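What follows is chain A paired twice: with chain B in the first complex and chain C in the second.
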Partner chain A sequence: MKRIPISRCASQLLAPSPLPRRPLCPYAAAKHARRSIVPHSHRVQARFQSTVAVPDEGDLELEMAAHSGPASTSHSRSEPLPLESLPSPHPSAAERSTRLHALRSRLSLPTRFPLQALARTLVHPSADANPAFNNASLSILGRQLLGYYMTEWLLCTYPRLPMDVIFAAIEAYIGPKALATVASEWGIEAAEEPGGEIDSGLLQFKRIRTGDDLPAALRRQAPWKWNVTTTHKIMTTDEFGSEDAPPSPHALEKTPVPSEEAAQAFVRALIGALHVHLGSPLVKRFFRDHFLSRHLDISTLFDFRTPTRDLSHLCAREGFESPVARLISETGRLSRHPVFIVGVYSGRDKLGEGAGSSLDEARVRAAAAALKAWYLYKPAEVTVPSSMEGALDTSTWRPNYVDCGEVIV
Partner chain B sequence: MASKRPLRSMITTASSSQSLRPTQTSKASMVRTSACAFSSTASFRTPEHETQTADRPRWQQTPARMVAPFRIRPEAKGGVFKVNEDPRRLDEVYVRMLGPGGDKVLGDEVKWLAVTHKSFDHGRRGFNDRLAYLGRRIVELQTSQALINSPQENQWPRDANGKPQNDEFGRKPYLHPALNGLQGLSDEAEGLVLNRARLAPIAERYGLDKVTRWVPKRADNLKGSGIESVLMTSLYAIVGAVALERGGEVANKIVQDKILAPLGFSFAPDPYPRYV
Partner chain C sequence: MPVSAIKAVAKPQNGVGAFILPCKSMTFHYCNWWGSSRGMNAFLKSSLPAFAKRNPQIQITVSPRPRHHPEIIANYINGAQESICVKNLQNEGVREKAELLRSHTGEKNRKWDGRPVRSLNESVRGIWSPFHGSKVKI
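So, the complex of A and B:
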């Protein structure tokens, strides 16, 4: 790691900072203030009036004294770095943070899960660029774990779901907004400005200044392919079927990010940290308790354009008799609010039924209901693939139903 | 109601992994408009004689009612692309990829489904999108774990005495054996491992390019038509199919031994796996 001499750091701090667009909190002001200026008494009092953890510079002094590297300058020997100039809190401050203790017990995590690991998951790369102190790698691992567990559950529980609905369901369960909601439900609060002096239990990330645009790394890139197919999305982009691949967490080291992105990175990093520290059985239980317990009505995620044509092709593919729509009952045909109930039949068996205020509407709704009945097939009991990982008893395994795919028109 | 019973039985009997075509026919008095009956239950229909059309599996033929009597579109430029129809050649490829007994790992329909791209037969015989989606999640997770466990330099630079050194802010991170190897995990590293140019030759070595069923844009220019992407889809789909039919343990082993090992990762045989 290349060590920046302290003198260069100091010169950056001494440079006049541009006028902020909104009033800075006293801590941010103190960070940008000159080192040589003694803080006024009212500012000192303001510091101790807030709820941040009392900075303990004793540890830092010991560290500096023990350090015998050639790059240390006389500045570091005589005065230890103030905590405000650190990008993130010291790992030893994690033990003193009540927020972290409370978070760990609120999530019912065992006490052998170290608080320093929990503290690391709260540091976004935009706050601290050092990969050993931020949650970038952990969030990559956690994202893949979440994606795997969610996908296998969804595919085993609803084996016939079309690909678009799978994308939407995965995004609803573990997408960016869902994870941000989960983080706020867990009681995660974010710090205004990252720094070494804040509580370790706060979510730390560099905020976008009000009025600024979204940074280029997070904006959608112009698609290089004019025709992005579903299979291309499956193989090349992310698990939600986005048009472009998401930015790598390590690439967000210098960019300000929205709070949703930081919260999502935290949840993923927490899953990753639980996996490396506590093992996968606990992660599976955690996933079941916090993500599978969330209810999603998948039948609302469908959006058919021509359900009658789709149903006709489906019946042809499966070898059923061609679907025929028949009027079951009606009322008020010549009035202002007629109601028609139409059923779609294949031979003598009714596939679906729909009600509408016109014959066409009722027929289309009936076809959509029939398609939903097909696609939302749910086997009674499923064993997910990950239940066999490291399992001693493989007799409980039941092979899952593999569907051939949605109907292509 | 009587009409609800066959619907329920259609849904429950579809849970078997066999072909969905039932064996009973409809009543002889009704006009036969389809190759087989809608309902597979014999509860209230009188059992008729077996249908004369053989119950061919889905992978073998396009459904009869979806085929036009003659072709209207012009012939494809670049010639007609011939796909494999022989189950034995497919079995050979599976044995080459999954080892001895590899042709018994998956069921018959799923074996063909895993190597069928969406472009084949306009998706009428099924395609491997969903399997490839699950397979990609498994492969990416196993790659991450392989990157974490791969031999790399220390988690944190240490000085001559073995003590961890300070960074430019004079601090040391929290060091724990469980966090070893995380510095090797990044999206760039994964992209270097799992890219098309490296995975396609592995798939070709197993012979997947000979049995994958797809329709290229130009049969004389397979690379320009995207055969690498199609091969990757097939590879991931086989992993996904094994996971759904045989479980995650078998699928993880296949990813480690048959995909990551050829890419350069080594896995010690671990009788007591710590992290799965």
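So, the complex of A and C:
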């Protein structure tokens, strides 16, 4: 979980609220502004969306020449270059790809979302090293947005969750495995080998060969210092509480990567592209429909070591009477299958109840149930901070509950 | 640490938020010569444009396959492939088969294990316990 500074929150790329008619989509804006330019310069326009400086213009020249064709007035080069010389498909091929049209409708995206942008999200930096045409910058943006929306929803909905459980829940929703599953559920197919001649609707990345080692950027590295604290995990590493920062997508240029890495980069880049072209309200809806709708039972993520001790510390901290375990009922104490039902009481209030085949097991289960009941508290009405972005009427805002945190033993 | 966490992956619930049609792509094979393709050719000329317009999320390919019976092949999100031979069927029959493949999930037909309802969530009332509620007199 990485903290996003306020200045970098999702409203950065959007117009301030008093300007309602500013075109949100840079593609549309560029199209209107640059009518006079020759039509095959999509890739040149797309260059301006990237955050990384394009090293040389030679590539662009080459690709433009490859697609100018005999119809346009190309005096200098008579022969168009073969498509195979391009590292990834030309953006102008996106309009002709039936796969991309089908993918856009499958995800219920509006038709004003340009197919060129969708095609660009499918190009991993390992296929095309040019940051103007691969999805590296968009996947960085998408990663921050996914982390932001997921974290705020989780922190507002379950304000008392321990930090480790928050990390695990974020990873369950938007972790590498989850994103790769999402991509396969969207029907994304990968190309065997990236190239300019293949369909733009296929995921393009350089495959890692069977038996080869992971690239150095993806390999697990020793943490930069050995006493990694929770604060360090929150502030400086990725959103899942790892010990190291995630590899930059730009570091994966020209390196063979596993398919899971390319699939998750695509999903993140799509979120980033949606934000840039359609604005954050649609991204929030998309996130709710495709990610928050997934099923996760957060109560199964807890792994208590000593729940009875935690519970007594919790009661001491909150000023409750210290917990007492009492036998509620039992059966077959002398048989092979005894069952004991034990409740944990604080004064006259029952905090939790558990069943077990021994008295001790039942007591521990009851304490764990009581702790889960505390940690999984859910306020009835929740408004997440991003729902107020750019809103004129903020009267619906309800301040969120902030808990003092998990029990420290 | 007093509490640590177990890694998990959230399960998909197609249709709870967004709905992704399981049918990903369909291929229509026809022959211009054989009489068994007559209904298929009529379908391709008259009904396929409307079918494609109604299902924009499906990638549709039409390809000739000379000296073979006409066939519809569908690919699904879960990687499954289903095919139906539509020889000697009329336009309407071919359309019905195409709709059948379109609405299919790609899962194999199988018998569930006797439970009337299968769900990610346990029953609201929980598992019956002999120690709670009113006593049952036998």
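Just so it is clear, the second predicted complex is superposed on the first by the 328 of 409 C-alpha atoms of A that agree within 3 Å, B and C clash if a C-alpha of one lies under 4 Å from a C-alpha of the other, contacts with A are read in each partner's own complex, and residues count from 1 in each chain.
Rule of thumb we're sticking to: a contact is a pair of C-beta atoms (placed from the backbone, for glycine too) under 8 Å apart; a residue touches a chain by one contact, two chains touch by 3 or more.
Here the structure is a predicted model, which is why all the values come from computation and not from measurement.
Participant: In the superposed arrangement, does A:Glu84 touch chain B (first), chain C (second), both or neither?
Facilitator: neither
Participant: On the A-aligned overlay, A:Glu197 touches which partner chain: chain B = first, chain C = second, or both, or neither?
Facilitator: Neither partner.
Participant: Report for A:Glu152: first if it touches chain B alone, second if chain C alone, otherwise both or neither.
Facilitator: So A:Glu152 only meets chain B here.
Participant: Identify the partner contact of A:Asn130: answer first if only chain B is touched, second if only chain C is, both if each is, neither if none is.
Facilitator: first
Participant: Would you sort A:Cys404 into first (chain B), second (chain C), both or neither based on which partner it touches?
Facilitator: first
Participant: Identify which of chain B and chain C touches the larger number of residues of chain A.
Facilitator: B
Participant: Looking at A:Arg288 after the superposition, I want to know if it touches chain B, chain C, both of them or none. Which is it: first, second, both, neither?
Facilitator: second
Participant: Show which residues of chain A both chain B and chain C reach, each in its own complex.
Facilitator: 313, 407-408.
Participant: Okay, in this complex, where on chain A does chain C touch?
Facilitator: On the chain A side, the touching residues are 98-99, 101-102, 105-108, 162, 164-165, 167-169, 171-173, 175, 177-178, 181-182, 184-187, 201, 286, 288-290, 292-296, 300-306, 309-310, 313, 328-329, 331, 341, 355, 371, 406-409.
Participant: Chain A touches which residues of chain C in the complex?
Facilitator: Interface residues on the chain C side: 1-14, 16-18, 20-21, 24-25, 56-61, 77, 120, 129-131.
Participant: For the complex, which residues does chain A have touching chain B?
Facilitator: Spelled out, the residues of chain A in touch with chain B are 1-4, 9, 60, 63-64, 67-69, 72, 76, 80-81, 85-87, 90-91, 94, 114, 116-117, 119-120, 130-133, 136-138, 140-141, 144-145, 147-148, 151-152, 155-156, 163, 166, 196, 230-232, 234-235, 239, 248-251, 275-277, 279-280, 313, 315-322, 346-351, 373, 377, 379-380, 383-391, 394, 397, 399-405, 407-408.
Participant: Along chain B, where are the residues that touch chain A in the complex?
Facilitator: 3-4, 6-7, 10-11, 14-15, 17, 20-21, 26, 30, 33-39, 58, 63-66, 107, 109-110, 113, 117-118, 122-134, 136-138, 140-141, 144, 148, 155-157, 159, 165-174, 176, 178-179, 182-183, 185-188, 190, 229, 232-233, 236, 241, 243-252, 273-276
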